[in-house]
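Labels A, B and C are assigned to the chains in the order they are written; within every chain, residues are numbered from 1.
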């Protein structure tokens, strides 16, 4: 980024949280999708219902064709310079569902960066050809900066954060919420449920986002299950206390399985760990085994953001309480809902 | 693949040939497209006629638009981790013809494999977003395994083998059959024709698949022309004898040209040969030269699976008996026919 | 390329300029888009007006849908073995606008070249599946050769040169002309205007193409502003003299800003310069600064082919005379116009 923009950006960074969230809105609606915390209960419910409607309408060919004609005039840029098969495919097929045409850049070598172009100019270039930029980038602030920069031009288009560094991944949070919403649809909704989160709670951003969003729901009870050195961090702990959410931390997974309504498993992200003594097998206590199925509630669900390694026995997959494959598909539906919302066609869908 | 699935897979591998072919069917139709030997005469004729119908209907804009609307609600995954321009483009454009939306992964770096995911999970992930997986993979068994795994889930989708290692490449066999079918349409069909296959008969999988399929036709006469060390292998020889197909092996190409109805040239695949003494020029006797055109029958055809090196003089290209470029296009039409069959819209096409 | 074709190609190369341009025409229309000099004033005006019509029609959903249905039966190949985000995205989205289905090859590793295939065969292969090849290639003559080769087959399809080496980039010239056309639409058109070109005039092919096209316009006045070692080359100088176009060369940028109607900035392409003493800052005199805005005519325009480095202060971007971002979008519109022309649907657009 050029020096001029860098200074302006630093000024913006110092504004209040409230001012920032307002900046990424237009006409009282969320414009850029950057943080999980942009979504309030009302919107979470709305998007979940919209996703379900899209899912049901798409089942029949006539319905699928109706959806596909809604946004034929829109074009999306998928800028995925950080590899991510799952999120990429999910967004691409969400675009397909609504008839959005796509362009993609999946590595940096095809980019003009080698010619010395600033990332500001690269983003403006993308915005010249399309109507929305869906971006996954290893730099923590990249997507937020991109949205901020485009908002200062005379042709602002929305930016959707499809994952930025280890920080934010708001559409993952949305698909987790949607999966809970769907799972508890006939059990009074998410309010009052017991959610158990297991694994790498320190580094896993899905856990963080989901936990922060729990404040939008009533009477939640959360269990955090992790080895001590991978337990949730202090900022989340403070947040939960301040928000008066009931929560417990322990490394005894077996003790809480029977009382959980949802068990959210995560992968221990030790790919880059120096401490080679902590092998995968030392995390066996934080795995969901075939035997655990027998103590799990009949109407509970097992979730996982995927990819998994050994945290869930593959034999669990065929149990109907294992919803992680459905959760993956939910990502496509909720992203389609989000794109429909961004382009103001939600009413045309709900009225079908 | 996880240990659990590996054991189950080994069990499956030990079942009979018949049981295997049945496993990859649903409701009396071929579901997964994995082996050339899945196709019987009836299906070969049917798909050939369907391909021709698609080709003719697509000539006019209204026809092309009719075809393109048939499968607008379907999504395909093109998983091509082994490079193949020709097969990739052919399948992609076959999808375009029928309005199927596509996602593609063309290298392994964008995949989740680096995060330690099993290939089982990768395939299930793909299946979450699409309705068919078209896969080309260097591992011999990969595509078959993928189909087998998906059939054990509650959301099985068909897998199309677009080439797996040196083993099977069923849609290449289909396009070869379709090219013979089209070439002899006004000469009584394929039955009773003399087919000469030239070049690397040991390693070329196209030759093997095509030869095996010859048992579906009557009164065929086959010539195999190759240097001794590249001649067909014993298993094919036994098969031909058992199937009572008339065939001859020789290294004298010139002697059979005049009596051939189709000459199928192939590339000597010596890229990785250690024996550097066998240079390309030492294979000159297994090339189709400009001079050969004068002794070739007036209504014979020259085929080649492509890519070629020096096996066919480029000046032959403009002779109307050279059908290898048409053969390449036939690949697109027969793949479109196959996709139409997979998604049960063949009737909507034939009734046009 | 095989020896046979190489000899034929050399023969073709020796034909007259006139014969060459005629060779790339069919039925009195330009067929292959290879050189900026293929376009005469009449065509430049026609394509500019067509681009404007497309741009206006696409503003409304019904209009966008009308355009998108025009070429649903056509398929394009984007062959971009030389990286170029901008040109790639521009062509891809131009295809999207008209409903053309696309296939792309963006690196050489996925190609059959590794199997020893000639580039002639590669191009013929592409032509088997699609209706137009849009090609960007580092070799100077590649695209021209490709067009020439396909014209000798029984299934010729047009080739569009999307940049070949340092030589020709005709669609960049078209978009520059279109930008001037649009900018001076209400000021009597391009004729009689003062155009100032700044920067690397020796290596920049955009400058060369645009300067050559200036002979199609009346009473032009050109200023070339560059450091001495990057000034225009003798062949362009001779051309301008012969064509009686008024032009001046100087290194004093400031002196001509006030009288310019268009200022065309370009990047100093010193990425591969050995002379490391010439740093970017030594080219400061060839930059458009924020202060320059105050001496620029009220209705002048600032252009740039992009990507830029420091030649234009980012604060200039928000001035309404800065049209380089619009110029970038113009590239998409004029390429859509060109594709509409290639496939003979221009009348269906102009009659809307």
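We take it that a contact is a pair of C-beta atoms (placed from the backbone, for glycine too) under 8 Å apart; a residue touches a chain by one contact, two chains touch by 3 or more.
Predicted model only: the values in this text are computed from it and were never measured.
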* Asked: If you fit chain A onto chain C using only Cα atoms, how far does it have to rotate, to the nearest 5°?
  -> 120
* Asked: Is the contact between copies chain B and chain C built from the same residues on both sides or from different ones, judged by whether over half of the numbers are shared?
  -> different
* Chain centre separation in whole Å, for chain C relative to chain B (CA means) -> 41
* Among the residues of chain A, which ones contact at least 2 other chains? -> none
* To do: In the complex, go through chain A and note every residue touching chain B.
  => 58, 61, 64-65, 68, 80, 83-86, 88-90, 92-93, 96, 106, 267, 271, 306-309, 313-315, 317-318, 325, 328-329, 332
* Residues of chain A touching chain C in the complex -> 2, 4-5, 69, 72-73, 75, 77, 101, 103, 105, 109-112, 114-117, 120-122, 124-126, 128-130, 152-155
